[in-house]
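Both complexes below contain chain A, partnered by chain B and then by chain C.
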Partner chain A sequence: MSLDTLARYILDTFFFASLISLIVSGLNIIYGVMRIVNLAHASLFTLGAYTVAWITANYIVKIFGSNLILLLVLPLTIAVIVTVLVSLVMVTPLLRYSYGKGDAFQLIVTFALLIIFEELFQIVWGRMPLAANDAFFAMGTVNLFGSPYPLYKVFVIIVAFLIILALWLLTYRTYLGLLLRATSMDSEMVQALGANVIRLIVVAIITASLLAGLGGALYVPTASVALGLSLDVLIVAFVGLVIGGLGSFIGSLIGALIVSIFRTLSIYFFPELELVILFTVALIVLIFKPEGIGGGKGW
Partner chain B sequence: MVRREIGNNIRSIVIVAVIAGLLYPVISSIMPGWEVMLTYGIILAIAALGFNLLFNYTGLLSFGHAAFVGLGAYAVGLSVKYIGLRILEVQVLIGVLLSALLALIVGFIAVRYRGIFFAILMLVTAQILWGFYVKFYHITGGTDGIRIPRPTLFFIYDTTGLGYHAFNMVYHYYALLWFTVLAIIMWYIVNSPFGYTLRVIKDAETRAVALGVNVNRYRLLALVISAIYAGIAGALYAPINRLVTPDLAYWTLSGKIVFMSILGGTMYFLGPIIGALTYVYLETIAQRITIHWYLILGITIIAIMFFMPRGLLGLTELEGFKKMARLFSALRLQFKF
Partner chain C sequence: MSVSRRDFLRGLIGGLILGGAATALGLYVAAPEWFRRRFVEKPVTEVERVPARPLKIGLQFMTRGGGAPWGDPTFKGAMLAVEEINAAGGILGRRIEPVIKDETSPDETVREYKAMIGEGIEFYVGLISSSNTPAVAPVAEEAGIISFFVDGCTDILFEKTVPDPKFSFRITNIQSADGVTAALGAIKFFNLMEKDKVRIAHIHPDYAYGRNAHAHMQIVFEKVLGRDRVEVVEEFWPGLFRVTDFGPFITKMMAGRTDIVATSLWAMDFINFYKQALAYGLFKVAKVVSTISHGIAPHLVESDYPEGFVAGVHANYYFLYPEHESYPLNKIFVENYRKRWGEYPTNGSEGAYTAVYLYKAAVERAYGALGRWPEADELIKFIEGASIYGPAGILTIRARRPNKHQGYKNAIVGISKVDPRYGFNILANPLRIPIERITVPEGWEGREDPTMAYNWIRETWREGELPV
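Up next, the complex of A and B:
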């Protein structure tokens, strides 16, 4: 393997890890506060992706031309707003009223939500894949040991890093984060001490939705978005969760990185076996380290 | 305490089977074309029974039962395509062996986990198989699927010469026979010491361990039985559908199996059966109204979970229904029927 291929592989891994860590940390926030793994979380990622693809192709390019800053900022902002609004209407009430009703109940309800989202995407955007590569091409490439590498992916890595850093500051350096962490350890005690747990839950879901929508919005200029993306993303994120351990902030980031290493490898060398490889990794981790890398340690 | 539940006896299974048998000629004369759904319903009921053994009695929620249904169906499809095998019983047997083998391999690790882990591991299994059927199209025919010719039933009865309606009718009673036998076997499984051990594992796992029960072995066995039921359902599904496609292993089919069971009421033995039979007609009606059937499906699942968690059979526990039942038995005593 030559130097430029290696560097390309490493950057691709980090690019993918940035997207996955946005989803996984969202899943983790919700799990921490509510003990629910929200299966429909990946649908919000897809929603962000669809919104950007649709808005860029139909409006942004037509109205503003190919102004780079607008191409980057405007669709991203709109997509995040749309995702949060949809989450407020559809996801938040369902999760909030599923709180404390048991594993099976929550899994079935969020699974139903996944089905509903999939059908809604088909109603609104149809069966054909959507793509909007304008931002991707407008940013151009950077010279990587003699071969070009898309600058957009580097941009995504930086943005995701900043977002994760902000999330870390939020959870570890603010009063709200303190309450969130306390709720993840003992929600009854937090309630007894006078904090409004339901409000915390809503805040957590909105934060998580924002992260998922942002992830999808960042993803779409590099590829196309089609039906079934939610499930692919869900599975990859789940493997990341298994590796990192449910409920661990740092663990989930490491999990996202490890799952990206394997996924990028399989995409490079055996694209048909991607799921099999991820599944095997998840099984191996479950056999030898069932609680995951950061599992059981809380936040 | 064991709750007295409606229809948890062999007599009810036989009654349902007899009704499903008698309804067929009635529906086909009143509403031609709607009788086939009854056949689909009893076949899917077999898969739902398998799902419920895992969900209600063992406490494991599987989002990947389509994996086994698809495996059963492709056992029929591939054995026709490559070795020209058309004896359905042998094909069912192949499907059963493959499903059991897959359940053993995946279950070996998956049964150690409950909740989300088990659910998603099964989901991934189904998606892997689905990907295999779609991508290896030179073997499986890809999304076009495999055409299934008329099968030979009971080793000697070749159905090739039968007309469309005659075959559907014969096949309905053939499937009904499978259904009755399998439902009765399932009843014995559920009400055996094995079935009660599964309930203990679901309700009080720690206590089961303390009593010396090898929890994982029991769960694995439950998964294998459940997979066998789904595999048989898949194999029986193929000839009546005349086509085997990757859709039979797609995650939406797993969702449908979950839906059938909760629609009928997972806490009742008859629940998945009633649910499956109701489901096929609901689906047909909804598909005539709208092409976006899955939207209705998802919304209905959520509505049932929140407002009718005991499903259709749960309605029998309402006071009004009980009054009706008392009235009915009083009438029966009075008029001796």
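Up next, the complex of A and C:
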């Protein structure tokens, strides 16, 4: 394998891992604090994607032309705000209602929410896929050992890295993070010590929504968004979650990276078996380390 | 002669009987039309010869998600025909009433198909995916519902799944013709006959359609160019609408120094692939031959799509051809479609539109022969072997095996070109291929694996020669 091909592969692996880690870490924050596997989480990723595609094509490009900074910053910011607001209105009350009500109840409620989101996307944005690749093209390419590579993908990797770093600082270097970690280990004790668990829950949901919305917003300029994306994203995120371990911050990152490495490798060597290989890896992890690679340790 | 009272009465009664009979006979023969209809004949009216209730048509297409750029225009084609026919008074006076369902996975699609039967549909126009036609056709056969599959054109359907169909028909050209047409287009447009070696990377969706397109492109390349001149660099099989980041595939194609990317990715997959390939610079080193790039709503192939690539339309129809000046039927269709939906039609739109009109024509012909609305099994005779002029030209439904009930029309492929009149990338330089040159003839008996067309090409085409 030549050097430029290897470099592309590594970057492609990190690009995919960046997106997955944003979703999986959000899923894990909610699971850590509330013990709910929020199936509707992937819908927030899709919401972020739809918002960026729609705003870019209909407003940003028409008003500001192809100004790169605005193309990158404005849709992203709006999408994150929209996602968090929608999450506060639609997701937060339902998750709070489902809190402590048992796995089956929570799975049904969050899956129902995913379906409701799909219907809403259809009502708002119609049945056709939306695309707005302006930022992807406007950034151009970088020369990678003699062949071009889309700079936008590098931008996504950097942004995701910074966000994950910020999340790590929040979790391990602040009082709020301490409370979040403590809640993930023993929420009753945290409550008994006088912390406001409900407020922590809301903070966790907002943080998770922000990550998911950002993920979708970063993703869409490289491709397009269509109904059904949530389910596809959910499947890959779940494999990452299972491999990395439920409720583990480091596990999220490990899970996302492993999913991405195996996906890229399988495309290289056995393109037909991409999903089979991913699920096999998840199965092996489940058999030998059921709590996941980074799991069982809380945050 | 004296007449006794008894004789008089006998005569009177006899006379009355005879007179009555004569009067009745006279009335029967000479009575006014209204009298005969009211009293003499059993009252049979138009209402009974043609049912008074509306004619329910089932429409089922992928109109949401990744398949929507294909399914939505197809649905619009069917709806245009329904609206046009209704505006002109329906079929023999019966208004068409659409029952609309979604096409999704095979299980779900069959469930919805059965739900439509429950709602009383009398005929059906639907389906895009080759995973779905083999699932729905056996149900259509059992239920006895005349079903026109617009697409889902896998050869397997009428070769293996229902080799002797009664109620299922298909409008779009058979799938093998698609790969064959694209490969012939590539050989002609890229002058491949003059090249010593052609390095091909295949990328196709991992299901019936992708496998079929791959097999038939490859057999044509090998047969016409010769096996030793064709080198397959890569073969990729991304799941249909499962992959959004084609980066790793593109990277590997570039690493393999590909000359030609042969693809049957469609709808959203194709858009994502070409946008990303553009960003990676793949098109600076490789040309694309696509079975189906220009089969989505035309404006979705934007002006950033490179020029000079082989532009496929599923071997069926592009809205500019047959040329509007010489073939007004197409001109009228394109204008009406544009007026109704604000965009240009696709080969799916044309297929669905023609399917509805084919049903109408068959019912009217059957009515002419039977004097009443035909039952489903009576109608079959009027569809089998029938030809109809649609916007794409003449379409003929095959009446005999193999591929009985398959629709055939001449295939078309062209070159991608940005046209400032439209503002998007169009199919230019159309190459029309007579369908009989590239598909299994009626009565041919050969192996079905992978398809009859595949074996027919392998056995009957001359090596190193272009058949068109």
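A few notes on this one:
What we mean here is this: the second predicted complex is superposed on the first by the 291 of 299 C-alpha atoms of A that agree within 3 Å, B and C clash if a C-alpha of one lies under 4 Å from a C-alpha of the other, contacts with A are read in each partner's own complex, and residues count from 1 in each chain.
Following the convention adopted for this analysis, a residue touches a chain if its C-beta (ideal position, glycine included) is under 8 Å from a C-beta of that chain, and two chains touch if they have at least 3 such contacts.
Being a predicted model, the structure only gives us computed values, none of them experimental.
Aligning the shared chain A places chain B and chain C in steric conflict. By the touch criterion defined above, A:136 reaches chain C but does not reach chain B.
Once the two complexes are overlaid on the shared chain, A:67 sits clear of chain B and of chain C alike.
In the superposition on chain A, A:128 makes contact with chain C only, not with chain B.
In the superposition on chain A, contact of A:104 is made with chain B only, not with chain C.
Residue contacts after overlaying the shared chain place A:2 against chain C, while chain B stays out of touching range. By the touch criterion defined above, A:224 lies against chain C but remains apart from chain B after alignment on the C-alpha atoms of chain A. When both complexes are overlaid on chain A, the residue A:275 reaches chain B and chain C alike.
In the three-chain model built by superposing on chain A, chain C overlaps with chain B at stretch 239-247, while the rest of 23-31, 221-229 or 239-247 show no clash. On chain A, the surface patch touched by chain B in one complex and by chain C in the other comprises residues 122, 272, 275.
For chain C in complex with chain A, the touching residues are 63-66, 68-69, 72, 206, 235-239, 241-245, 247-249, 251-252, 254-255, 267-268, 271-272, 275-276, 278-281, 304. For chain A in complex with chain C, the residues that touch the partner chain are 1-2, 4-5, 8-9, 12, 15-16, 122, 127-129, 131, 133, 136-137, 141, 147-150, 152-153, 219, 222-224, 226-229, 232, 263-264, 267-268, 271-272, 274-275. Every residue of chain A that touches chain B in the complex is listed here, in rising order: 37, 94, 97, 103-105, 107-109, 111-116, 118-120, 122-123, 231, 234-235, 238, 242, 272, 275-276, 278-279, 282-283, 286-287, 290. Partner chain A is touched in their complex by these residues of chain B: 55, 59, 61, 63, 109, 112-117, 119-121, 123-125, 127-128, 131, 135, 251-252, 255, 258, 262, 292, 294-295, 297-299, 301-302, 305-306, 309.
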